[in-house]
Every structure is written in C-alpha cells, then in structure tokens.
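Structure provided below as structure tokens; questions to follow.
The chains carry the letters A, B, C and D, assigned in the order they are written, with residues numbered from 1 in each.
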Amino acid sequence: MPTVLDRLNLALHYAMETDERVTMLGEDILDPYGGAFKVTRGLSTKFPKRVLTTPISEAAIVGVANGMALRGLRPVVEIMFGDFVTLIADQLVNHSSKFRWMYNDQVRVPVVVRTPMGGRRGYGPTHSQSLEKLFLGVPGLKVVAPNALGDPAELLAAAIADDDPVLFVEHKLLYARPLLEPGKGDLIDFQVEQTGGAYPAFTLRPADSARLTIACYGYNFELARAAALDLLMEHEIFVEIVLFSQLSPFDLAPLFSSLVRTRKLLTVEEGTLSLGWGAEVAARAVERMDGLRVRRVAALDLPVANAKSLEDAILPSVQDIVNAALSLVS
Amino acid sequence: MPTVLDRLNLALHYAMETDERVTMLGEDILDPYGGAFKVTRGLSTKFPKRVLTTPISEAAIVGVANGMALRGLRPVVEIMFGDFVTLIADQLVNHSSKFRWMYNDQVRVPVVVRTPMGGRRGYGPTHSQSLEKLFLGVPGLKVVAPNALGDPAELLAAAIADDDPVLFVEHKLLYARPLLEPGKGDLIDFQVEQTGGAYPAFTLRPADSARLTIACYGYNFELARAAALDLLMEHEIFVEIVLFSQLSPFDLAPLFSSLVRTRKLLTVEEGTLSLGWGAEVAARAVERMDGLRVRRVAALDLPVANAKSLEDAILPSVQDIVNAALSLVS
Amino acid sequence: MDHNFALYKTMLLIRRFEERLLSEFSTGKLVGTTHAYIGQEADAAGIFSVTEPEDVVFSNHRCHGHFLAYGGEPYRLAAELMGRATGLVGGRGGSQHIHWRNFYSNGIQGGIVPVATGMALAEKVRATGKITLVFIGDGTLGEGALYESLNIAALWKLHILFVLEDNRHAQTTPVEKGVAGSMSGRFAAFGIPVWERDTTDVLDIRSAADETVRAVRSGAGPASLILHTYRFSAHSKGDDPRSPEELVRIRQFDPLTVHGARLTAEECTKAESEVDAVINDAFVRADADPFPVLGNQVRR
Amino acid sequence: MDHNFALYKTMLLIRRFEERLLSEFSTGKLVGTTHAYIGQEADAAGIFSVTEPEDVVFSNHRCHGHFLAYGGEPYRLAAELMGRATGLVGGRGGSQHIHWRNFYSNGIQGGIVPVATGMALAEKVRATGKITLVFIGDGTLGEGALYESLNIAALWKLHILFVLEDNRHAQTTPVEKGVAGSMSGRFAAFGIPVWERDTTDVLDIRSAADETVRAVRSGAGPASLILHTYRFSAHSKGDDPRSPEELVRIRQFDPLTVHGARLTAEECTKAESEVDAVINDAFVRADADPFPVLGNQVRR
C-alpha cells in the first residue's frame, strides 16, 4: 500500500497537473530537497514556475497566498512545522477567514495551508506541538486532518478544490504509514461506514454492541485502534470509533449516531487537554443528549519536552486511552 | 462608585509607585492621550522614564516585554485592540509561556499583556472580537478578566505581581461601568460568596433554591444578571451565577459546588461559540458529574459585523440567555 | 484647464465627504469610528489620476479618500458607513473594511501588505498587465509583515507599488518616536527604488506617481512612493493631542488652497456646487436605505 | 602565543563536540535533530573572546558553538542533548532550547530578536553595564519580528549587538533566493551601524567584534556585525543538496586550518588531546546520567 506521504504528494502533483491556478509556496520546497518532510517532492521539477520557495516569512507567505486567492489563483502553502502557525494567526484569523463574509460574499479565498503537527520525534518544545486547536472554531476557516484510513489524496484534493480557506493538518508520524484497508489487519473486526462529503467521517462498528465511542482524528486513530484492541482482548469491551477528517466547523452527526448506541464518549487528541478539540466535541454532545458520560484523553497541559522519557509522559498513550475507557464504562 | 476604568488606572499608578521594576509599554499610551481607552492616563506624566510608547509592532512589543521580564523587570504591555492578539500569538505561545518550564524552572516571565476585547461599539470585524479563547489552555499562560463586581484594581495588581505571564482581557464596555456593591442594586437578592486566591471567583446565590447555574466572566456578567432578573420576574426561575476572573488555567471548583445544587449549566460568553471558553467549562463539568444538563450562549460563528442590526444579531443578547435557560429547565 | 479642474474636484469630493461624515457622527446617524483623509487629498487624487481603472488597490484604515479617488461611488460608501444593506459590503465591514471592483481595504496595520503582494503575484502570473498598489502610513513602518513583503516583492520582481503616506503621526505618535533611521532606506535595503516627495501639491504628486506607476508597469519590479503630507483632522473621532498652533501651521499646506490657486473663482464655485450635490444625494439616499438583516445562517 | 592557542582550542572544542554529536546519532544515543556549527567556529570564538562573562546572549537553533565559546560546559550540553536529567535544562529543551547563566536559546526563527531587545532594555534600565548579543542567520532576515526589533532598538538606543552569521544558506535556500537587496542595508535603514567581514579568520573576526562590542558598550546604541561564513555540514541531520564540489571548495576556508597555521605542530596536538579528553569525558559522563521523570504536576 502507498503511504500517507505518497498519497499527499500525489494529490499535489495531480492538482498542479489538472489546474494551472494551483501554485505551491513554502520554505525549502524545491527539489532535490522537496520540503522538510518531502511532501512537495518532484513538484518543482515538473512545474518550476508554479513552485515558489520562499524566504523564512510565515506571516507574509500566508498573506501572499491570501492575495493570490483573492485574485483568482489557488495557492497551497506549506508551513514547515505546525508550531509556526502562531506566526500566521493574524493572516488566518483577520484576513483569510474574514474576507468572504466581511466583503458580503463577493469574494472567495481558496487557500490551503498545509503543515505537519505533532510530537514523538524528540524535536523539543518548539517543533512538536499540536496547535491546530488554536484555529478550531475560527469562523470562515476550515480545519481538516488526513488519517491512514480515508484517502489523504482525496482529502487534500478536496481542500484544494474548496473555495474557502483550509488549514490542513498532517501529523508527522502519519507520513510513513501505509494506508489502511477496511477489512484487513486490525480493521478486520470492524464494519467501516463513511459519512459526510468532501471531508468524510468514518464510523468503525465492532461485531458486538459497543459500550463506548472513541472520537478522534489524524494520527490518534492509530492509538485509538490499539486501545480498542486492548480493550477487547484484555477486558472484553467493544468500542466504536468515529474518525473525523473535518475538525472545524464541527459537524458531529456521525458521532451523535454512535452515541445514541453507546451513550459514552471518549475523545482522543495529541494537543494539550484544555480547550482542545475534545472540549467542543464533548460540549456539543452533552448539549444535544442528556445523560451522556464523557472522558477526554489529551496531552498534559505542558510544553512537549525534548527528552523521550518526558515526552512519553506528556503525550497521551494507548494505555491512557484504555484507562480512560475503563473509567468511563465502570 | 469608581468605574472599572478608574480602578484599572489606579492599579497601574499604584504598581508603578510601589515597584520600580514595573514598566509600561504600548502604542499611544503617553499623556495627554493616555492610551486609546485611557487606561494608562497620567502614568507617563508621573513616570516619564518607565512609560514607553512604542511603534506599531505588536509582536516585538510583547517580545521586548518577555526579554525585560527574563532580566528582572515587570513589564505591562497594552495591545490597543484585542483583535491584534493574533500578532502576538508566537510570542505568547512559543516564548512567554514556554520559557519557565522549558528552561527547567530556572527563569520566571512576569509579563502582563492587557488588552480591550469585545464588540457592541460598531467598530467592525477587526476591532470588535473576543479572541481570548485563542489563548485559553496554553500551558504556562494565565488568562484573567476583570468584571464590575470584584475589584479590577486588585485583580490587575495581582497580575502584575504574578511571576508568570498573564493575558489580561478587558471588555471595552466595562470601562465606563461603576463597580457593583454586593447587597445593592440588582445584587440585592443575591448572597455573594468569593472563593479562590488572587483571581477570585464569585458565586451569586439567590434567596430561593436555584434551578440552574450561569457561568460567565467579564462584561457578560452584566447580561447574565439582566437575564437572571428576567427569569425571576417573568418565569419565577431562580438562578445561581458563578462569575470567574481566572479563565485559564481552568479552575472550576466554585462552579462544581454550584452544579451540585442545580445540576444545570449555562455558559455565557461573547466570543464565537465553537471552542470558546464555555466548551472547556462544559467538558470539565460533564467529565466530573454524570447527568448534567448543559447549554452554551455565545456569538454566532461569524465575524462581528459593523452595522448595528447585524452586530446585535451576531452577539449574544439577554434574550438569548433567557431562552437558553428556559430550554435548559424545560 | 480640464485636468486641473478634475484633480481639484476629486480632492474636494474627498474633503466634503469626510466633513459630512464627521458631522453625521454628531447627529447620531453614524456609530463606530472613522479615520478622515482631510489634508491628504492630494495623495489619492494625484495617484489615481495616473493609474488604470483595472489596477488593483489595497487600502488601509484611512481608505475613504483612496476609494473616492479610485472612482468609488460616494453613495455606496455612505450607505456602508451608515450600516445599510445597500452599502459596499452590505454593512458588514463599515469604514475600514470595504471592497468594490478591484479595491479592497482592511483594518489591520501591515497585514494588508503581504496580501497586496500576493495580488501582484497573481496578476503577474495571469499576465493581466495590472499593477497593484498598497497604501501604508508612517506608523505602519512598525509592522514586521511589511518587511517580509518587501523582501518577497523584490525577490520575485512583482508589479507592486508601495505607497507610504507619511502624515508625520501614527495616531498620537510623532514619527520621531515611531520611525528610526530613514524611511526611504527601509525600501532601498530590499533593492526597491524610491520616489519621495514632501509636498501637498497634487501636480507634483501626480508627476511622481506617474513615474513610479510607469516603472512598476514596465515590469522592472516593485517601487515605492513616499509622500510626506499632513493630516488636518484628528486621527479618528477622538481627541487630537497636537497643539492648536501646529494645527493652524499645517493648514497652510492645504492641498485645496495650493491647487485651487490654479483655478478660476468660477471653476472653484462650480466644483463646490457639483460636489455638494453629489455628497448630499449620497447621504440622503443612504439614509433612506434599509438596515441589513442576518439570514438564518448559523445555529444559535 | 597563548591567545592564539586559546582561540584555536575554542574552535576545536566546538568542532569536535559537533562531530561527536553527529556520530552519536548513528549509535542511537541521540534522538530528534541538531544543527551543527561546523565551519562557523571562528565567529563564536572571535566574538566571545571580546565579550564580558556577564554579557547577555540570545542564541538560535544553531547554538552549540555559541554556547561552548560562551564558556558553557560540554558535559551539561551533552547531557541535555542526550535527554538526561543533568542536562542544562533537565532534558526539557534539547538542542535548540537551552539556558545557562546569561545564555538563552530558542527554536523560532526571528522570535528571539525582540526578546533579546527587551533584555537589552532591562540591562539598560538597571544600568548593569551588560550588553546583549543576539545571533541570527541569513535566512532569518526573512522574519518580520527582526525589523520590528531593529526599529525599537534604534529608537531607544539599546545596548544590543545583532550578529548576523551569513553562511550563504538557509536550510537549502541559497541567499539569492532568500534575501533581496543588501544585508547591511537592512540594518543601516534603521540607523544601526554595520561592521561586515567576509572571512573565516578568527583574528579578523575578533578585531571586528572588538570594535562592535566597544561601540555597543559605549552606549551609542545598537550595532550589527555581519559575518559571511560557511557551513560545512548539512543544515541539520538531513540531506545536503549542495554539490560535492561546493562542499570541497568551501573547505579551503576551514577556520581551523586558517588559524591553525599560526600555531606550532605541538600546540595543535596539545589542543587536540586536551579537547578530546574534555569531549570524551562529557559524553561518557552524560551517558551514565539518569533520564528525567515527570513530577506529578498536571492532571491527566
């Protein structure tokens, strides 16, 4: 199977081939290097004029992309590490996401900002964060994250085709992962339902009736599956998993369907706990349904340390998910 | 009674008088202008050397304050409008809040960033937002908001005395408000309990047993009280209000005490709904207590329009709070 | 001369529009805030007399003058400022956030500069022949995003003109407290050529603008135009900490007086009455327009 | 000469430290990433030979060389890089995020510059006589926060030295693709005096640094020191897209060779063996140290 990286790279190639408005911008994205994580590899060789390596100017790059988008192009920006989204916050919050509504729907801002997030590689406090939560709920901005189950190529293609700005969050550890196949490997015991449109959600239903629902996105689907396996093997607890591709706006219909069955919600994410993605998921779920039980698993509210012993303690583990699940069903 | 503005101004005067490490930085903060909202009025006349009017460089100003704090001073920065916190995101998230922990507790970063937030003045999409939610949950950063009940002077003094960075969020409409007095005016029917330390919370308990708890902060306490009055007069529903000064880290003990009594939570804030303050409040509440009912009132997930007819429709109203309360107890 | 008359009339239109606006605040018809262009009219009038209608413009918080000189309709602007559904952006944006044809504005200092840079890139890629203009004030030299954009515009030889209107103050901050070193050096450091004028004479400005616009349109890369000028009114609606003497002193540079000297008394009167009619019509019409209502867009 | 020997030894210490570090990655003792200072040693050695021990230093992602020349202990740095509790910051920071005495570093390009500017302000207010140094690379000229800081430092006459190490590449981007116009112009535009050298001779660098440090310490305001140099190893651990020819060509500027020519063969051997002992001790000791554990600080 191709890896997530292969598929993302393919989507970029395909988008550039089929739509000449698509333009790449980012730091060190030219061949032979092809970007810090190689996602843009091959593009500059094939499309030398439309692949622009930029100075180290995150704010301006996204600003430039906003301007390009306002004037008819479809820029795709790479921010080398997700930790630097703090530098593009003004462009995303006060420019990209506002123009369409503020100008009374007379313009569109088809910008995609791609960036790798996440830790577990020992990169330390400024190169390991999961900061997507800063932008969840920003009106006018979509936040989307690929995973190893849905096709990352289709997801990225949809983001590029979107008329509105999209922050596209790629977990570093996903790049090397081969795509999963429903019915194979540890998916064998799950029935997989896909719902939603361009940024689909996947509901994994086990053979027997589930006692809780795990909501997650991106790389944490890998941990969630491992936890589900453990819960089944060690504790005979069946789990449903709802895997989201679209993080914001929050469209939680498939989760609600699952919660009708299980009435117990466990959210899993790698960012710090407080006001993470899971907070809004939990809040919406309980506003909608009385009597739910809820737990969240996330990173400790600390920076991500460099030393592995600390990083492992700070970021959520499979065991943390299992423990939370057990406390939820107890 | 003095206004909130009077008390904030007094706190700055007092801090500069009593601690020569305290230094003010901000755009247009010199007399006779004294800052866009006059909070720094009089300071530059009294302490000409320690009040520094800056170029329009939000990121650098906060960076400079970080450096000053690392080297023994206690800077207080004014960001002219809260909408510009997007420009200081990198300094707050990747510098101010990280240094202490990242440097193994060997340094302190006693920075205060004060900024006016909020709408209802017809300032339009880039001068009316409530963006504090971007920084709620950032590890190492405190977010604090004054209100008209607690003493804003004491609150700001505490922030300046804090060894850790504090984002101090002042709602524009609070400035002109006179301080409230427990037992007077519309507070007459409430018993007010203060809990917590330097950034206290206030629990307002009505004469009779309450059917729901409203959690709020800052200016929205004004709306919450109006809603409570309406609920009592029109619907004979008693309400408890828990008013927070410390928004982050989330320390919700007084809310939990109230919820034990009411088991119904209504959060109120002016920022946009999705992943606002209320999301984390709701999530923590339901993680802790099974069977709670929850509603949130916030702005629509849209930019804040300039026209009053639109702004009023977008921002939460007293009637919105009343309606949500009624749906909660129904 | 026709062309002198047209320039005068543009400046007068701006002046009267802004005056009317400020007065409407006292009648309560306007809420929020505004930044009047009074004193700087020669900049906009001069520049837009040498641009093409299809050129792209990104303006800032002080955008009314730019918009009117660009050819924007006073009525639509008035309606926007009064929060009417017929406003340029349906009342959503207000004074600082407007858009019409190829004219855009936003209220974040500096943030518009990379956006304009990207617009210039798009026009270059699409080979439309349009140039892009972006307006900043002296105070906006404080914002880092500006320098990031200058670097990119120069590296990629974009067809963009950076117009710096130095009215010697940023809100209440005089340039000495806000700008170190030299203004022209800020552009020159990036290899961007600089045209600089210290004048309120619209003809001087027009000729400098003509040179820079030609340079940019020739495809040589970005250029900058630094115009030292004066703002006569307060920064926004608020108080003005400048001394009364200074306010009197700078009025001697009134661009209407300077250029008005080239017109006959009849021409001046004619301009005055034509402009009055337009402004009055704009505000009266706008005032009769409906307020916008919010569709049923988003859950509460 | 003692002083030539000391400079040589500092450079050698940096070189051997970085080499050892890179090799430890292959043994799996190190995880994460690192940015080696190999090739640029003369910059740090020259500069820190003329600063005072109490001066304040803010360094960037490529900080090991600065740290060692500052006088930092190789053992504590090695322990940090190996993620040990005895590391400079207990393993929390790693390669790019260290702090010891008045030395600080962080991994965000440009973000450290305003912080250093604020440090300089604090030292000035507290009249400590200390100056502040901040290190940036050519690529970091892309970041807006830098220019905001230059403006402020110049306006407030802060005692700060901006050291720009131009190793002609930012990661894989050659300066021609990243930096428009002139490097010195970037500082001059703000009225900040510039010292500029294109050399890897530590004595030249030392003398330029001496002049700039004196200028800053005199209280005249900020200054900048631009050092054009070469990076011999890859940007970080990753691949290096430069051609093998280029890598050979630039080795002729090896600062160890250039300055080594001033030493006797015995001196060189002596330096080599002393440095080897220190480095070996540092890594061996660090390797025996415990890993940090997280206290029970925060709820899960």
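One rule holds in what follows: contacts are C-beta pairs under 8 Å (C-beta built on N, C-alpha and C of every residue); 3 or more make two chains touch, one makes a residue touch a chain.
Predicted, not measured: the structure shown is a model, and the values here were computed from it.
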Both-way neighbours, i.e. chains that touch subunit D and touch subunit C: A, B
Where subunit A and subunit C are represented by their mean Cα positions, the distance between them in whole Å: 41
Separation of subunit A from subunit B, taking each centre as the mean of its C-alpha atoms, in whole Å: 30
Between subunit C and subunit B, distance of the C-alpha-averaged centres to the nearest whole Å: 36
Set of subunit B residues in contact with two or more other chains: 54-55, 57, 59-60, 83-84, 90, 94, 98, 101-102, 125-126, 273, 300-303
Numbers and ranges of subunit C residues touching at least 2 other chains: 90, 92-93, 97, 106, 108, 141-145, 148, 151-152, 155, 177-179
Graph class of chain-chain contacts, one of line, ring, star, complete, other: complete
Subunit A partner contacts - residues on subunit D that touch it in the complex: 31-33, 80, 83-84, 87, 90-97, 106-110, 139-144, 170-173, 177-179, 238-239, 241, 291-294, 297-300
Interface residues, subunit A side, partner subunit C - complex: 23, 50, 52, 54-55, 57, 59-73, 75, 90-91, 94-95, 98-99, 101-104, 106-107
Contact set on subunit A toward subunit B in their complex: 83-84, 86-87, 89-90, 92-94, 98, 101-102, 125-126, 131, 133-134, 136-140, 248-250, 272-280, 282-283, 286-287, 290-296, 301-303
Of subunit B, residues touching subunit C in the complex: 27-28, 30, 32-33, 36, 53-57, 59-60, 83-84, 121-127, 273, 297, 300-303, 305-310, 313-314, 320
Residue numbers on subunit C that touch subunit A, as the complex places them: 56, 58, 88-90, 92-93, 97-99, 104, 106, 108, 111-123, 125-126, 144-145, 148-149, 151-152, 155-156
